[in-house]
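Two complexes, one shared chain (subunit A), two partners (subunit B, subunit C).
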Partner chain A sequence: MAKWGMVIDLEKCTGCQACSTACQMENNRLPGENYQDVLYYTEGRQPTPTLKWFPRPCMHCEEPSCMHVCPTKATYKTEDGVVLIDWDKCIGCKYCMIACPYGVRFYTDEKPLIEPNIKQVFKGDGDLSWNPPYKGPQQDPKHGVGIQPNGVVSKCTFCYHKISKAPKGTADLDESNPELVEYVPACVRTCAPKARYFGDLDNPNSQVSRLISDKQGTRLLDHTGNKPQVYYLTGGGAAGSAVPGTRSNKKA
Partner chain B sequence: MNQDLRHLARDAAPAGPEDGFRRLHALGLVGLRRAACIAGSLPATMCKRCEAACPHGCIALGEDAPLLDPAACSGCGICAAACPTAALAVDGVRLPATVPAQGLVLNCERSRAATDAPLHRVACLGGIAVNDWLRLAIAAGDAPIRLIDDGACAACGNAPSHEAPWRAPLEIARRALSEAGMRADHLPEAVSPDALPNGNCPDAATGGLPIESRRRFFAGLSRSLAAAVTRAATGETLPADVPVAHGRRVGGIAALRGDETRLLLEHIARRFGQPHPRSALLPALTASAACRAHGACSRACPTAALHLETDCDDGHARLQFDAWLCVDCGACAQICPSHALEHQGRAWRPVADAPVVLATIEQSECMRCGALVATHDEEALCERCRKTENLARAGFALFNRHYGETPAAPEGP
Partner chain C sequence: MATQTQGSGAVSAVLMAGLAGLVVSLGIAFFNLMSGGHSAFNTGSDGVSWGLPVVNYVFFALTSTGLTLVASVAMTFGNKAWYPIAKRCVWLSLVTLVAGFASLALELGHPFRMLWAVPLNAQLLSPLNWMGIFYSVFLVLGILKFMRIHSGDWSSGTSKQIGLAALVTELLAGGMLGMAFGAMAMRPMWYGNLVPLYFILTAACTGGAFAVLVTCLTYGGTDKMPEPVRRLMQGSLPMAFAALLGLTILVIGYRTVIGLWSNADGLQVWDAIVASPWYWIEAALLIGAFFLLLQRKALAVAAVMVIGGFFIDRYDFVIGGQLLPLFKGSWVPDLIAYTPSTTEWMLTLLAFSIAFFGWALGEKMLNLGAAPQD
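Up next, the complex of A and B:
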C-alpha cells in the first residue's frame, strides 16, 4: 500500500491562499473552517518588517496523537497512511482537537467568521451542519468526506474521495499528468506556483521521496513524536534564505 | 401512577423500528434496544454490566453491542436487571402493572411452591430489577409484596455463586424504600412457602431442589420452540446492518434507569412526607482544581449526567453532576485532558437537592478570536490560537535554524 504524503516547497509558495479556497470549495467548508490555511508571521518592525508564511494542512501524522486519544476510535489511520474521522462514530467530545499539536481540526459550533452566519442562511437537511449551494463530493461519513454533520469533528482528508480512486501503485499524483489529474488533492491541483507535491512516501523513486532526501525536507514540531507526513522544503544550503519572506530581502 | 411516571413510561416505549427492542440473536430470548446501549457509543470505556452479570457466560461484548449465545441462554433476565440504561429486556420477566388488594406473591417458573394468595411467576426471580421492585411497591400501596424463597435458588444454574440471584436487587430496593420513609413491615420481603396462606412446597423434602418433571421439561421446550418459530415467521430478527448512529446518541440515551429510580423513589418519599429519599445507592465524582473547562467529559458522558455550563452570568463556567443519571462508566475520568476528575463507585450516599457543582472555572475572552476560555496563568489565548501561534513560532524558527540562519534583524531604511 502507498503511504500518501505531501511536500510543500516554501521557496515556491507565494502565500496566495488559492489552496485554502480550493479546499473550501472542494470540501464544502465555510470561511475560517477550511481544512487548510496559510499562517502569516511578521518579523522585524516598521519600516522594514518582513512577512513570512507557510501553509498548514493536516499533517496526517504517522503517530497521530488525535487518534490515540479518541474514546470511540472514530479517528483512524487508513492503510494508505491517511488519518480520517468516522463521523458515524464521532461523539464530538473534542478531545482530539485538544490533543492535535497542529490545530487542524474543526467542530461545527465554532463562531462564524462572517455575518450573516452562512449555516443559518443555508440550513442543512437533517443532521448536516449546512446546505452548500454548490455540489461537493459524495457524502461519505465513514471517511469524514462531504458536508460536516452537526456534533462531530472534521479535518483534512487529503481529499480522500479523490486519492482513494487513484490506480494502485501510483508513485506520484501530479496534476500535470492528464491521466491522474482527477485524483490529485484540490490544494495540490490548484497551486499556481506548483509549490505542492503529492505522492507515495514509501516509494523511494517517487517525486516526494526524492525531494525530501535531496532538499532536506523538514517536519513541523518533530519533537512531539507525531511524525507528520507533510514535509516542508526551505530552499536548502547555499540558496540560504529558507523562508519566503527573506527571499525578497535577498533580491533587494 | 403520577404524571412523571406516565411520562417516563411513554418515553421508554419504542418510538420506531430502530429505537425498539430487537433480538440479540434470532433464536435468543434477550432483546436489545441499541439506541440505549452504552457499549455502542463509548467502546473505550465499555460498560460490561450484562457480560459480568450473566450466570451462564452467554453474553459477550462485541465491537459495539452485546452478543448472545442463544444455546447457553436460559432467559433468566439477570442481564436485563443489571443493565444501567434498560437497554436489555427478556420476555420471561414481565411484571403486572397492578397489584391485587391482598398483595402479590412472586415465584419462579420452575418452583413447585404454591399458595392461595395471588401468585405471579417469572422465568427467574433474579431478573427482577431494583426499579421493578420500586414500581411494584408503588402499585401495591399498603398491600404486601412477597417473594417465595423455597431454598432452591442457591442451587439453581442461574446462581453459579450459590447466592440467590434475587437477593442483591431486593436488598437494594428494601434499603432504598426504607430511606424513602417506608416502614420496615411494608417492605417487599422474601418468605418461605409455609408463611403464606395455604402455602406449601412439595420439593421441601428433596432439600428444596426442584425436580424437573418430564412434562414440564417438554412444555418448556415446546414453548421456546414455538416462540422461535413465531419470531422466524414474523421476521423478528436482528438484521446484520442495524443502523447505529453513534454520534447522535451520546448524551441522549432515553429511558434512563437512574432517572427512573429517582422519580420512583421521590414518588414514594412524597407519600411518606419527605421531598426525596434520605440516601441512595449513587456513584460520586469529584473535580480537582486542574479542571480547565474543556468540556470533553460532559460531551462524552453517555447519559448527560455531567453538564458544563459555560455562559453563566458571572463569566464563570460550572461543571455540574447529577449522580442519579450517572451509570458508573467512568468515561469522564478517563477522557479528561487535565486528569481532573476522580470517579468513585456506587455507595449509599446522602441525596442532594440539586445537581452538584463539581467545579467553578474562571473564564476570560481569547485575545485573538474572542472565544471564552478558562483563565490560565499565562496570556489569555484560546487553545486554537495558542496552538497556531506556537506552531508558527516553531515553524519559522525551524526553517531559519535548519539552514544556519538567525531571524532577520530589523534593518534601517
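Up next, the complex of A and C:
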C-alpha cells in the first residue's frame, strides 16, 4: 500500500494560483474556503520589503492532531496515508479546526467572503451547502469528497476520488504520463511550472522520495510533531525561497 | 437541623425574568439560526472557530463543577455547617450544566447526530469525548443524588456513594474541559499541563458565586436568613470564598505576566488582552469582590462581581487563544477581528435564563433550602 505524499518545489513555484483555481473547480469550493491556497506575505521592512508566497494544501500528517481530537472519529487516516473526513459522522464541533496547526479546515456555514452570497444564488439541494453550476460527478460523503454539506467540516482530500483509483504499485502520479494523468490531484496536474510532485513516500525509488532525499525536503512547522506528508524544497533558501518556521516574535 | 425556604419576592421576579429571557433569546436565536444557519454567528474558518457560544458552555459547565464542589463540603467532606446550601447547589449544578449544554448544542453543526455518532465511534484520544462522557455521567448521578436528598436520604451509604461519584465525575469533567484546551500545543495561549487545575480552581469560584447569589436572592438579605444559613453566610463561607478567590486572582496575575514576558509565538495576544479595558474591568471586579467577601459585606454584590469577572476571563481565554492567525500568511503578528453577533449574545442570554429560571423554579417547587433533620 502506498503512502501518498506531495513535494512542492518553492524555487519553481511562481505563486500563480493555478493550483488554487484547479482545486476550487475540482472540489466545488467557494472563495475563502479553498482547500489549496497560496499565502502571500511580506518580509523585511521599508525600503526593502520583499513579497513572498507560500503554497499550502492540507499536510495529510502522519500524526494528525485533527484526527486525534475528533470525538466521533469522523476524521480518519486511510491505509494509503490520506487524512479524510466522513461527513456522515461529523457533528460540526470544529475541534479539528482548533487542533490543526496549519489552518486548512473549513466550516461552510459562515458569513460569505464576497457578496452576493453565492450559496444563496445557487441554493443547495437537501443538506448540501450550495449547488454549483459546474460540478464534478463525484459525491462521496464517507470520504469527504464532493459538495460540502451544511454543519460539517471539510478539507483537502489529495483529490481522493482520483488517487484512490490509481493502479496499485504506482510510484509516482505524474501528470506527464498519459496513462496516469486522470489519477493526478488537480493542483499537481495544473501546476504550470511543474513545482508539484505526487507519489509514494514509502517507495525509495519514487520521484518524491528521491527529491526529498536529494534536495533536503523540509516540512512545515515540524516542531508540532504532526509530521506532514507534504514536503517543501527550498534549494537551501539561496533563491529566497524558504519554509518559514514561525512568525517574527514580538521583540523583532 | 432543618432550614425552610422563605421564598422572597426576588425568586418570583427572577422566575419571570428568566422566563422572559428564555422566550426572547430562543425566539431570536431560532429565527436567526433557521433563516441563516450558523452564518448568524461571527465565527469563521480563517479566524475564531469557537465563539461566544463555546465561552458560554465553558463558563456554565465549569460553574456546574464548582457548585458540586461547594455542595460536597457538607455532603462528602462532612462540614455540617454547609448543609443549608447543599441541596440548592446540587440542583443548581444540574441546571447550569443544562444551560451550558443548550448553548453548545446550538453551536454544533449536528447536535442530534452527536447522540449516536459519539457512542458508536468514540475516539478515546479526544479530550472532548471524555469531557462529554464525564459530564453526561454526572448529569445522571446528579439527578440521582438530588432525588435521594429530596426524599430525605442525605446520609445513607448509597446516597453518600452517589454523591462521591458525582463529585469525582464533575472534577474529571472539568479537568477534561481544561485538557481540551491545555493539550493544544499549537496554541501557546492555551497550552499547558496545569490548565485543568486552573479550570477547576476558577470553577470553584464561579460555583461559589452562584451559590452565594441565589442564597441571598432566596432569603432577601442576611438579616432575613434562618439562623443556620445566616451563620454560614456570615462565617466560614465568605472566608473560604475569599481565600479561594484571592488565590485565583494571584494565578490570573501570574498567567498574565508569563504571557507578557514570554516570546513564544502565539503569546502576543496577551498584549492585546491587557490593553483591553475588559481585562481591567475583570481585575477590578474580582479584587473588589475579594475585599467585600473579606469584610462579609454585600455578599450578593460580590457574587455578581465574581460572575461578571469570570465571564470576562472565560471570554479572554477561549477567544484569546484563537485571535492570532495560526497559519494564514499573515507574517505580521496581527490579530483576528472578532465581535460576537446578536445571535451569539442571544445564546448567552439563553444560558443565563435557563440557569436562573431553573433555579427559581426549583426554589418554588423543590424546597431547595432543606437540610438534614439532625
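Basically, the second predicted complex is superposed on the first by the 232 of 252 C-alpha atoms of A that agree within 3 Å, B and C clash if a C-alpha of one lies under 4 Å from a C-alpha of the other, contacts with A are read in each partner's own complex, and residues count from 1 in each chain.
Here, a residue touches a chain if its C-beta (ideal position, glycine included) is under 8 Å from a C-beta of that chain, and two chains touch if they have at least 3 such contacts.
Keep in mind the model is a prediction, meaning the values are calculated, not measured.
For the composite obtained by superposing both complexes on subunit A, the positions of subunit B and subunit C are in clash. When both complexes are overlaid on chain A, the residue A:Phe198 reaches neither subunit B nor subunit C. After overlaying the two complexes on the shared chain, residue contacts for A:Cys90 are found with subunit B and with subunit C alike. Look at A:Tyr183: by the touch rule set out above, it reaches neither subunit B nor subunit C.
By the document's definition of touching, of the two partners only subunit C reaches A:His68; subunit B does not. Within the superposed three-chain model, A:Tyr232 lies in touch with subunit B and out of touch with subunit C [touch as defined at top]. Of the two partner chains placed by superposition, only subunit B is touched by A:Gly44; subunit C is not.
Judged by the touch definition given at the top, the superposed model places A:Tyr102 against both subunit B and subunit C.
Shared-chain residue A:Trp4: touches no atom of subunit B or subunit C. Of the two partner chains placed by superposition, only subunit C is touched by A:Glu33; subunit B is not. Put simply, subunit A uses residues 39, 41, 43, 54, 56, 69-74, 89-95, 97-103, 111, 151-152, 220-221, 246, 249 to touch subunit B in one complex and subunit C in the other. Contact residues on subunit B toward subunit A in their complex (touch as defined above): 41-45, 244-251, 294-296, 299-300, 331, 334-335, 337, 369-371, 383-384, 387-388, 391-396, 398-400, 402-403, 405, 407-413. By the touch criterion stated above, subunit A contacts subunit B in their complex at residues 10, 39, 41, 43-45, 47-50, 52, 54, 56, 69-74, 87-95, 97-103, 111, 127, 149, 151-152, 216, 218, 220-221, 232, 234-237, 240-243, 245-246, 249. Against subunit A, the residues of subunit C that register as touching in their complex are 37-39, 41-46, 49-50, 108-111, 113-114, 117-118, 121-123, 125-129, 132, 180, 183-187, 263-265, 268, 271, 322, 325-333. In the complex of the two chains, the subunit A residues touching subunit C come out as 32-33, 39-43, 54, 56, 65, 68-74, 89-95, 97-107, 109-112, 150-153, 220-221, 224-225, 244, 246-251.
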